[in-house]
Every structure is written in structure tokens, then in C-alpha cells.
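Take a look at these structures.
Shared between the two complexes below is subunit A, which pairs with subunit B and subunit C, respectively.
So, the complex of A and B:
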């Protein structure tokens, strides 16, 4: 987990292509997209849309994004038991999640927070960061030139 | 041949994948879909000669044969990717590949159970999982699973095969629910006793008695099953999903 390593410039560079890909998957206008838009509450995404978005991002950016990758990376080196208990985030888990999803305003993290509710927090920027991390992991940082 | 030349099935620019396409019912499905104008990509596992012969028998049609072991999920993913890289889409998936290893339960070897479930059930999962994302992306698709009347009706010596086909029926209904929001229809065709090499042993074992259990008093032809697949693939079936269509001449209805 290397949050500090992702700069605003990198996100701004990758954003147009991520946003276009996500708008295609969701069948919504590109104008509705903005970095802070929440997938579920603002853009109406359903669970099958998440799978489609990931599938499209994998192909657009030539990266591999394992299912559940965001939550797994957020957990980092915390053990599963330290991260959540019976499907609810522990205090340490919540701290870790907030820091990992630093693009999301703190007041959106309600407590107690169920693991199953984490995707409700995801924004377009969350996916920009995920793609950037996967590009780095694969050694393809920079990826295709922004459209 | 296209037996419905005056009707536009809407399949002419479509792309299909058919598993187990070199022989029997699969071969008839490949023929009817390619005659409808589809770009048909079929898989086979054993019979390269039959696959080559089928491609050669359809001159001027877009038919491609590929050796793919559907028990291998990575092989299915690669195959779907290759088809999509070439054509840009998959409109129709026919999960047809299946095997039969009949024996009374107590005489079944471990391998007889595993082999039938691996190919008929896991193979269907593997290819569908490889193809579905492409259909979801396009918000369009038809998935047709070849089941069997054995999935619903008891048959001696068929516990493994019947269990696999019952699973296919359940798979069909659940997947129809999952994919309906993306305009993807999922149906099954359940053939009865059909004149193929695979069913030859069963037919020989049952002899004349099998006919007495079929209302129409004859064995079905692979083409008659393929016609049902053509229908479910076509635009005429745009409002049908989650169904199991028996093509069995009225099997055991008396």
C-alpha cells in the first residue's frame, strides 16, 4: 500500500479514460461523471456493473484487477481478524480504510461499517487510484496515453 | 441449410460460440447457425478429423474450429478472448459439449462420476464465465445450454448424467435472473432420444421399448434439436428467458 505515491497529476491524467470507460459500462452521460461521484448512490451502479467496470478497465488499461482487490489492498498487512469481525469493520480496520480511501470525505464513513457496505463508498477516483496501483504493480506505470 | 429462408432471424451479423461442435447435436447446431449467417466458432476435444470435415462441409460460411478443453477455465478464457479480438463480440453461446457414462450407481467408478460432472457442469460454468463479461459489456446476448430430458425424468443407469443435466437446468434459471438486467437471455434445450453416436448405446439397450415411451413414436434428429437452438438464438425469442424447452417428441408423457 503506497498511498503517498499517487499524485493528483497522475489521477488527473488517467481520469478522462477511466471516466469514459465507467460511463460506457453504466450507460450514463459522461457529463454526469466527476471524480467524486459515488458509483452506487450517484451513478446508480449495481453489483453486475462493478464486474463490468472492472472487466472494461482491465482491457482498457491492460491490467489485471482481481475481484475484491480494493478491500484487500485497503486491509494491507492487517490480518482479516484485525480488519473486521463478523462482517463489521474493527476500529483499526476503519482507520485503515479511511486512510486508504483518502479521496472520500470522512463523514461518509458511518460507524459501525459493514464490509459489504464498503463498495457504497467507492467513487470514480477510487477506480482511478486502483488502476494506477495495478499499473505500477505490473510495471506499466503511465499506461496508454490519455485520450 | 436454412430451413426458414423467408424469416429474418436477426442472426446474420452475429457471432456464436458452440462447445462440442464437431459431432452429433453440436454439429447440427453449428450448421444451422452458420446457415443463418452467423460467424460460428466451435470447440471440440477429440475428433479433429470430424471438426475439419464439418468446416469443409460449409463452404462460404464463417465457421472456425478450435481444440479447447472446456474443463480448463483458462483455456475457455483464452478462447473467448481470441474470438472477441477477431470479431469484437459474442452474441450467442451454446453450451453443448457433454459426455455420457451410464451405469447403475453401485457400478459407477469414481472417474465416471467426476468425468460427467466435470465436462457437463464445470465445463458449462467455465465457458459461460469466460463469455458472459463480453455479453454484459454489450448489453446483449443469448446463452443456450443443452440439457436433457434426463435432467427431469428418472432413467436407470443415469444418476451421474441426470444429476449433471438437472444442474444445467438450475444453472439456466439462476443465470437468467442474474443476467436479465443486462438484456441477456438464458435458456436450455432438453433433447429426448436423439439419433447420435452418444445415445447409440442407450437406444440399443432399450430397443423398441424406447419408442413406446415417445408420443411421436420415433427417435429425434439432431437437426430438430438445432432448430430449437436457432429459435432461442434468434430475435423471435427476445422475450423468453429462464426456460427449459423439451425437444423430445413427447417423451414419457403418456
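So, the complex of A and C:
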């Protein structure tokens, strides 16, 4: 169980559908996907791909994913000023982010870390967790919507 | 005459609408142009949607071309025809917009766009926000004179590799200069996604011509484009490679996927369905 209270089993259950959706959006082979694959550095995602992935996940899982939600949720109850200053994460912000993105190895969090560089950290598993959180919020946890 | 709001602008009047919700408008295709492609009709619908979106964001943010889930190409448009344009905004925030739209000419539907997603950017990077606001007010009031657009330059697709009936690879050199760059956009010239889609349609039809149509008096015509995606800005002077691959072949329908690459990376993609139609 990680920081968000999401179990590995829950992630494993939705991973195949998330991976297939993301592979479609990125136009890459499903074989290239793995939970730890970084969207930008490993899968070649551009910023428009993030929008595409989010909209496709919304349709696949019938959840609403507000844009910028990951960073907003990572910040949690920290104020914006406590989370970042002039676009750079504060020490407290970095601790919060590492905890929130617990699926990402610690050595990938460079310091100082710009807020604009956070998406570079995101992996396929990050999006699995995002879908699970939104499903929980909507009370629809339990996998993709029926076709 | 300044090319701004002329060389690549396809709305002459905004008829009605609520900012960020819906909008209707018109565009008269200049009688003097030799053709007005389906891609330009799609551009006109997108530009109309953009006016609604920009006005909802007080012209501080604007949408750019990103993704089109599905575009149905229903009929051609002749020079001199008046396009009736409409768009509905499905969702809008500071990051992205989702909209759908349609165009008809003389009461006949010519195009429908579904699930179009545009990233939202700061308008001032591309244009003068005040000029955009003034233009919106003009379009919403008296409208503008017809005829600002003239024919596009000829874009050569140089076929480099051809596997009959299977695939085509062509080089495409984006021009260094063209009037449309001064309108799209004045502060940051970008090759329009609609023109890239046009090149993709041309290449798909070229590949489809390898395959005999079901009847002698028929030919393959693009009727639907899906999963259109423009992943990066294409600046003037860029060298691109387009690759078309036949992915499905049925008696009366073909599917061709076209990918555009820049230095090996995919810049754009589209899945094009073609149907047999009388010549």
C-alpha cells in the first residue's frame, strides 16, 4: 500500500487498460509500455499527448480528470507559496511530491526541481494511480467502464 | 493590404453565440480562388470556435490545433459559396478546450468535426490580444469584406519511396515564407495543422489510387479522418517526411494511416478512411 492508500493489486487490475489507452494515444507498441516507463523520456510524449491521454482515460474509465490535477493533488493542503517559489519547488514541496509520486525512484527527483519539470517524472503507473483516485472520488472504483 | 486577418482567416461574420458555449458564423469563399479544400473548411470551423473561446477568456488565452477525434468530409465547396459555420464548446479551462463543429454550404452539410481538443496558450505569444478583441467586435458587428484570402502556394510532396498499394513516403518542405505565416500567427509563424492535414489527405489519395476502385467510373475519395493529432509546432522552413500506409482494405473502403515526422520524431498523424465515389 503506498502513500495514497492504493494497493499494488488495484494498480495491477487497471494497468492493462491504462497501458493500452496510453499506447493508443502515443502511437507506440503496447510492448514498449511498462508501469515504470516515463512518458516523456521513455515514450516520447509531447505536451499534447498528456491532454490526449487524459481525455482518452476519461472516456475509457468514465471519470472526470481535471487538467493539472496531479500537481494540485500532490500539493494537498500545502499552500501554493509553501509548495513552490518562483516556479521552483520548496523543500517542503519536494518532500510532498516525492511522497505523492511514491512510484517514482527517489533519484529521479533532481534539485532544484522546477514545477514545469514535474510532468517529466510521470510514469504509466502515475496515470494508473490518477485514474484510481478519480474512481474513488466518483465512487466507481473497480475497473474500466463496460464497452 | 496587411495579411493579418486576411491571408489565413476564414470567418467574415459572427452571427450569434454565447462566449465559451456556442457560436455561429459565416464565411464567403472568394470567387477568385481556384479551390477551397475540405481542410480549409475544417480550419474555418476551428477559427469560429476559437473566437468563442478567446472571447470567453477575454482574449488573454487562445486555443491552438491539437487533436481532432473525427472529421467527416461530406461534400466539396465551390469558390463563391457561403459557408454557414457552427461550433459548440464542450469543455473549456485554461489548459484545454474540447469542441465540435460543422459547416454547410447552400444548406448542404459539408463537414462535421467531433471531439476536437486544443491546448490553450497565452494569446500574446501569437498575436496582439487587443487586435484580436477589435477583430472579434468587428466580426460580431458589421462583419468584414469578402475576399481577403487568395490561393495558397503550391506545396510539393516529393515521393521518395513507393511500395505499390502498400505505402508511400514523401518529403515535404515547409516554405520559408508565405503570406499565411503573417496571419498564422503574426508574432509566431506556424505552419497550420489544417494544411498538414491537407498534405496527408493528398498522400492518402495518391496511395489509394494504386488500388482499383470497385467500378471503372469510380475513384477513392477521403470521407473521414480520425485521430488527427498535431504534436509540435511546425515553423517555416521545416523539412518533413510523410509516410502513408494502407492498413485496411475492403471492397468499398480503404483506411490509410499517415504519419508526419521531423528528424525522425512523429510530428503529426491521422487515420484516413476512403470510399469509392463516382468520378
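A few remarks follow.
Please note the rule applied: the second predicted complex is superposed on the first by the 140 of 147 C-alpha atoms of A that agree within 3 Å, B and C clash if a C-alpha of one lies under 4 Å from a C-alpha of the other, contacts with A are read in each partner's own complex, and residues count from 1 in each chain.
The rule is simple: a residue touches a chain if its C-beta (ideal position, glycine included) is under 8 Å from a C-beta of that chain, and two chains touch if they have at least 3 such contacts.
Being a predicted model, the structure only gives us computed values, none of them experimental.
When the two structures are aligned on the shared chain, A:37 is found in touch with neither subunit B nor subunit C.
When subunit B and subunit C are set side by side, the one touching more residues of subunit A is C.
After overlaying the two complexes on the shared chain, residue contacts for A:74 are found with neither subunit B nor subunit C. With both structures placed on the common chain, the touch criterion links A:55 to subunit B and to subunit C. Comparing the two complexes, residues 27, 46, 48, 51-52, 55 of subunit A contact subunit B in one case and subunit C in the other. Across the interface of their complex, subunit B is touched by residues 25, 27, 46, 48, 51-52, 55-56 of subunit A. Contacts from subunit B toward subunit A in the complex involve residues 133, 136-137, 139, 178-179, 181-182.
By the touch rule above, subunit A contacts subunit C in their complex via residues 27, 44, 46-49, 51-52, 55, 66-68. Interface residues of subunit C facing subunit A in the complex, by the touch rule stated above, are 66-67, 93-96, 98, 115, 117, 119, 229-232, 259, 265-266, 269.
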